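Shared between the two complexes below is chain A, which has chain B as its partner in the first and chain C in the second.
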Partner chain A sequence: MSVAEITEIALEQAPPTGLWRDAFRRMRRNPGAIFGLFVIGFFAFVAIFAPLIAPFDPRHQDLSLIVDGCCPGPSRDHLLGVDDLGRDELSRLIYGARYSLLIGVVAVTVGLTLGMFLGATAGYFRRLDGLIMRLMDIMLAIPGFLMAIGIVALFGGGGLLQVMLAIGIVNVPIFARLMRGSILGQRETDYVLAARAIGVPGRQILGSHIMPNAISPVIVAGTLALATSIIDAAGLGFLGLGPQDPATPEWGTMLTGTVRYLQTQPLLAIFPGLAIVIVVMGFNLLGDGLREALDPKLRGRA
Partner chain B sequence: MRKILKAGVALGALSLLVAAVASGSAEGQAQAKDTLVFATEGEPTFLDPAIVSDGPSLRVADQITEGLVTVKPGTTKIVPDLATSWTGSNGGKRWTFKLRGGVKFHDGTPFNAQAVCANFNRWYNFPAAFQPDSVAYYYYTVFGGYRKPAQGITSDPLFSSCQVVNASTARINLRKPSASFIAALSLPSLSMQSPTALKKYKANAGTLSADGVLRPSGTYATEHPTGTGPYKFKSWKIGDKLVLERNDSYWGKKAKLKQVILRAIPDNAARLQALQSGEIDGYNLVEPQDISTIKRNSSLKIIDRPAFNVGYVTINSAKAPMNKLLVRQAVAHGLDREAVVKSFYGGRAQVATQFMPPQLFGWAKDVKKYPYNPARSRQLLQQAGLTLPVEIEFWYPTDISRGYMPDPQRNFQAFAASLENSGFKVVAKSAPWRPDYVARVQAGNAGHLNLIGWTGDFGDPDNFIGTFFRTPQNTWGPINPKIHAILNAALRETDLEKRTLTYQQANRLIMANLPGVPYVHTKPALAFKKSVRGYVASPIELEPFAPVSK
Partner chain C sequence: MLRFVVRRLFLLVPILIGLSLLVFFWIRALPGSPAEALLGERATPDSIAQARDQYGLDDPLYVQYWRYVQTVGSGDLGTSIASHRPITEELRERFPATIELAFSAMLFATLIGVPLGFFAAKRYGGIFDNSSLFLSLIGVSIPIFFLAILLKWLFAVNLGWLPSVGRQDVLIDAGHPTNFYVLDGIVTGNWNAAWDAAKHLILPGIALATIPLAIIARITRASVLDVQNEDYVRTARAKGLAPRTVDRRHVLRNAMLPVTTIIGLQVGLLLSGAILTETVFAFPGLGSWLQMAIENRDYPVLQGGILFVAMVVVVVNLLVDISYGLLNPRVRLAGR
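The block that comes next holds the complex of A and B.
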């Protein structure tokens, strides 16, 4: 980049803007990202206000609604029909949003925190690099979902907390690698050398100088990981490793119960499936939008 | 990187699936005429019938081994099998069996009086690990005790000795008269197995885990079951299939089909799909909601099984506060049995008022009934001095489907909800049927309440309430000893009219004491391809595949 170009950009964009404000401005012009944000916003809204929106209690059974051993489809009272125990499907989906979002956010937070810590340590304190990264390689060598099942079993069988921890741990090596790569790119830059030269302690250089500059790819990966986490959680729920109370309106768990009625009432499987697809798509669109917005190569364009 | 990995995994899985489908159909064509592929609801536990009590295991035993007596197909009437005739003497304490000649076990060992005594003595001398009712269930419930009773086995043995009169005559001496003894010998668990094979493959060695599950150390129960039946064991791969082969030197009418393959498909929908796709020829336990689908399909048919079962919730009185009658009554009033039976069984079931079906003699009309009444439940709990809600553990099995509970989890959820309306707080627990759930319940290591049920094995009330309550069992914890006494009296009674009255009295006593809550009798259904002929559904699920053709 020549001096002339820098002057040009600076002139165009005065006053100078921060990384995040800049990114947000670019993202606003990306229809996909806006749509993703909208979808996520919608699901978050539904999850938070579930008790106000849902027409029924998601655990309330009305066995008298069941006809011929299974479940009548949509009707005026029950817009998406009822499940095999006469519970309102719509209300269960609405409450299910809570579980899916909670699992996604907690799992990614766990993965992100541990991953970033390990990655940053490996990237900055080079002596630990070999040890930490080989450990991460070992974890990456095991298929993610399989490892999640193993971890759930290790934590004493199924359960909401176990699922969140398992998915979080599976995500650790991904974040650790990204963080390390990003740190490696920063640690030899001039401003770091300068900081080191004036005697700033290593921990502070890492925390206050390198981190803020190295974090953006990790944030993008985190958003995308939210999507895969929700899928993995639904998968674990489907296998019966999710919340142990079968009445829990978790989307994956809801899907498990419907397999038996695929031939009689396929809608029971379709609705939770659609919910999972839409929310995952939302996170993917948002993640892609963020990546484009934060990519330094695209900065100044758009 | 991760995406590529995922795509790779997906691709791998897909190609496996394609391969499986392809090989499945190829196999399907190859086995067309002389093989029956039957899907059962679960994997067998073990293949040694003496140490199992679950349907999938006993179904295998029905084909491989035979008892001294059996039942007439489709009924509960006792007819000769390996014994051609028998006589009782000494007031019903000495039984002499004339044995069928020229019969050989699959390994070539001749069947004779020595073999009969070897089997009886084997059961009587079972080591401690085999004795609990979670293992040698049927022997224990019919014969009560062992030569060297293990800790916890308190009842007296019924069996005294077995005498070889001559090669074709065996005599069984009992310590007291028993009226249900002969009928009980039709149980697959009391069938005759080759003494040579039992010894060679160490059928009597094994250890008991802390929660009452037997782990045999020999290979008899998993690889070498040996009987005299029309089919012999070929192979068993857990998770895949169990293969039986025609016994060409069978003493009676030989089996029509060369091979029978039993596949465990615990998932109901998957069983239906397998039948629709032609992968299997038939399956047990059709779900109520699938019956109309099958009836509409012109190449499939439904076979009704006569109702002979009871689904119930056990109450473990060893766990406080279930020792209080008021709390047990609250449980009974808190289970919405009417709604469950009406909604989940597609009109093929009735609410059970006691622990045996109404077709059987001894059923009592005037037992105490406990209609669903949440307010009454809460009141009873408060009377018992408890603070609401009362927290209880409620267990249900997974990976299993039974006529009396096509979908255990669904029954559980409905009951859990109705109990929560009735002042209880339900903690949900589950375990896979094989091999943990049943053993845990029978060892008393499951919850306050447990979902389970029973399909009758022979047409005698002793096989229902006698099996459950004649001897003290960990399933229920301590129960009113009068119940044990009256059922023992009924067992000794040889006059049918007096027996009937005694059993009615027992049923009234049981339902007043509430060791558990029975809730359903169902008429289960089987589904077959129309081309399958000769399958006779038995009320007690004793269904030899020998007469089946296609």
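The block that comes next holds the complex of A and C.
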């Protein structure tokens, strides 16, 4: 028997199982998480290929369709009807997926990046801990939605970019706290002590030893934050702080105008609202599924 | 216990200083000059000059900040651009409305959420459990203003069961000694007015309650599941106590500890949600007041409102902290 054969057998006997591979296997058995992933995939597909899917231009007005001051409901040409300016509702919903997903992803990326940086700094370099965490406490004292409104005002009023940045900043303290807690938990472990003992510099310990182990709760929180960010962005849009061009088919903004037509055409409010509910539910399901898959404490319970 | 409270009070100081700094610099960082932010878009060069003088906007920043702390400390939050009235005066009228609304929402969320979570945990994995999980998933996924619109459409516009706007029917002639309309009706013996005010609270109250309801149900369920497996529960069962006694005295009482904290921590969420809910129902509280301030670019109102709301959140969190210390000796003694 040659040496090569022996190593081959040894490899076969112990297939590598990492955290992520395990987590993925557990996720696959969770119907909720799979459904969430499917919903998100569907909306992402719709958003990317909106120009190909949408039957009409979402900004095109056809006032000849308006009957008695408002909007006819579903018909063969316009599957979900038209809005108060004769724009095709389905096309607006399809394009709206772009804005909601974009706002969510950018806002969470901003919040995640800043928050993880601040949280990791506070958790690892203890001298900065007090200062950073007090700042986060102050930010957490202001209700998130109200703070987002204040930040949008700072950036000169409503707008897509303003909304994304505002919601991102509101998310910062959440991620900072989580990251700090997670890092503090990892700091005391034996492998960090070992790395320090052989003289690995602090920044490298943080980057290549602590971070990869501390990151899974942050990923779960990030997925769930996508859900709340989309809701908050729609809320800002509803208050008129969203995209400043009212023709923009953003779901929250679409809901604003429809309140006037509740009596005659409630579907105009129901469609964009349902779109938000479904996509947010997708992120919530995926987030919960990830938490169950990644958190060793929950294993075997759910 | 006193030491615990005093320690918590001291921790409040840097947060209050930070908050005041934040709102102070916020209004000065807004686009345009601070004088314009304080006076609104229709400011004339004359009134701007007057404001610079009145607010001392040419003084060094630390002088201005110190003056701001002093005015706020004396109970003056500035003047609204839109109504030209002192902000504290408007707060006195509007805050009770929001307290009333938030209180009804919390009452509803707790009365439904705790039993929902408890029975879901008792029938863990069953149909009731799964449907309550699904309901709470919808609860955290639905934008509050969309739910408010749906409720308004269904119960006010369509069925006409409940009023759709305001706090009280304009035709009702009622005195308002406390500005809590339900309480006012009871105090003045005007039952009709009290009932009408209560009816106006139902729809916005339900809309505002959904997120807290979903969260309370989830936490109660998880907490009951944890407590059920504790040794003392097994002991209680083993010594032959009736199942209901065990549930009430041993399971529920201990499971409620995290739930009470969560209930307290919903305040910020409620005040955020009030902005959207009150806007949909034209409910004249703090939220619709802030929404109008956004629309009118009434920055002094926003500044005063943000500071006030943040202080409310800080104080409520402190009270939750202290009450948690009272309920749970382990927390109180940990800081020693």
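Remarks
The rule is simple: the second predicted complex is superposed on the first by the 283 of 302 C-alpha atoms of A that agree within 3 Å, B and C clash if a C-alpha of one lies under 4 Å from a C-alpha of the other, contacts with A are read in each partner's own complex, and residues count from 1 in each chain.
Convention: a contact is a pair of C-beta atoms (placed from the backbone, for glycine too) under 8 Å apart; a residue touches a chain by one contact, two chains touch by 3 or more.
Not measured: the values here are computed from a predicted model.
By the touch criterion defined above, A:M133 reaches neither chain B nor chain C.
In the superposition on chain A, A:G150 contacts chain C only, with no contact to chain B.
Contact with chain C, but none with chain B, is seen for A:I231 once the two complexes are overlaid on the shared chain. For chain A, the partner that touches more of its residues is C, with chain B and chain C as the two candidates.
When the two complexes are overlaid on their common chain A, residue A:Q263 makes contact with chain B and with chain C alike.
In the superposed model, A:G240 makes contact with both chain B and chain C.
By the touch criterion defined above, A:G273 reaches chain C but does not reach chain B.
In the three-chain superposition model, chain A touches both chain B and chain C at residues 140, 143-144, 240, 259, 262-263.
Contact residues on chain C toward chain A in their complex (touch as defined above): 14-15, 18-19, 22, 26, 29-31, 137-138, 140-146, 149-150, 152-153, 157, 268-269, 271-273, 275-276, 279-280, 290-291, 294-295, 297, 299, 302, 305-306, 309-310, 313-314, 317.
Within the complex formed with chain C, the residues of chain A that make contact are 134-135, 137-138, 140-147, 149-150, 153-154, 156-157, 227, 231, 234-235, 238-241, 252, 255, 258-259, 262-263, 266, 269-270, 273, 276-277, 280-281, 284-285. Those residues of chain A that touch chain B in the complex are listed here as 59, 61, 63-64, 66, 68-70, 84-86, 140, 143-144, 174, 240, 244-247, 257, 259-264. By the touch rule above, chain B contacts chain A in their complex via residues 1-2, 5-6, 9, 267-270, 272, 287-290, 292-293, 336, 339-340, 342-346, 398, 407, 409-410, 412-414, 416-417, 428-430.
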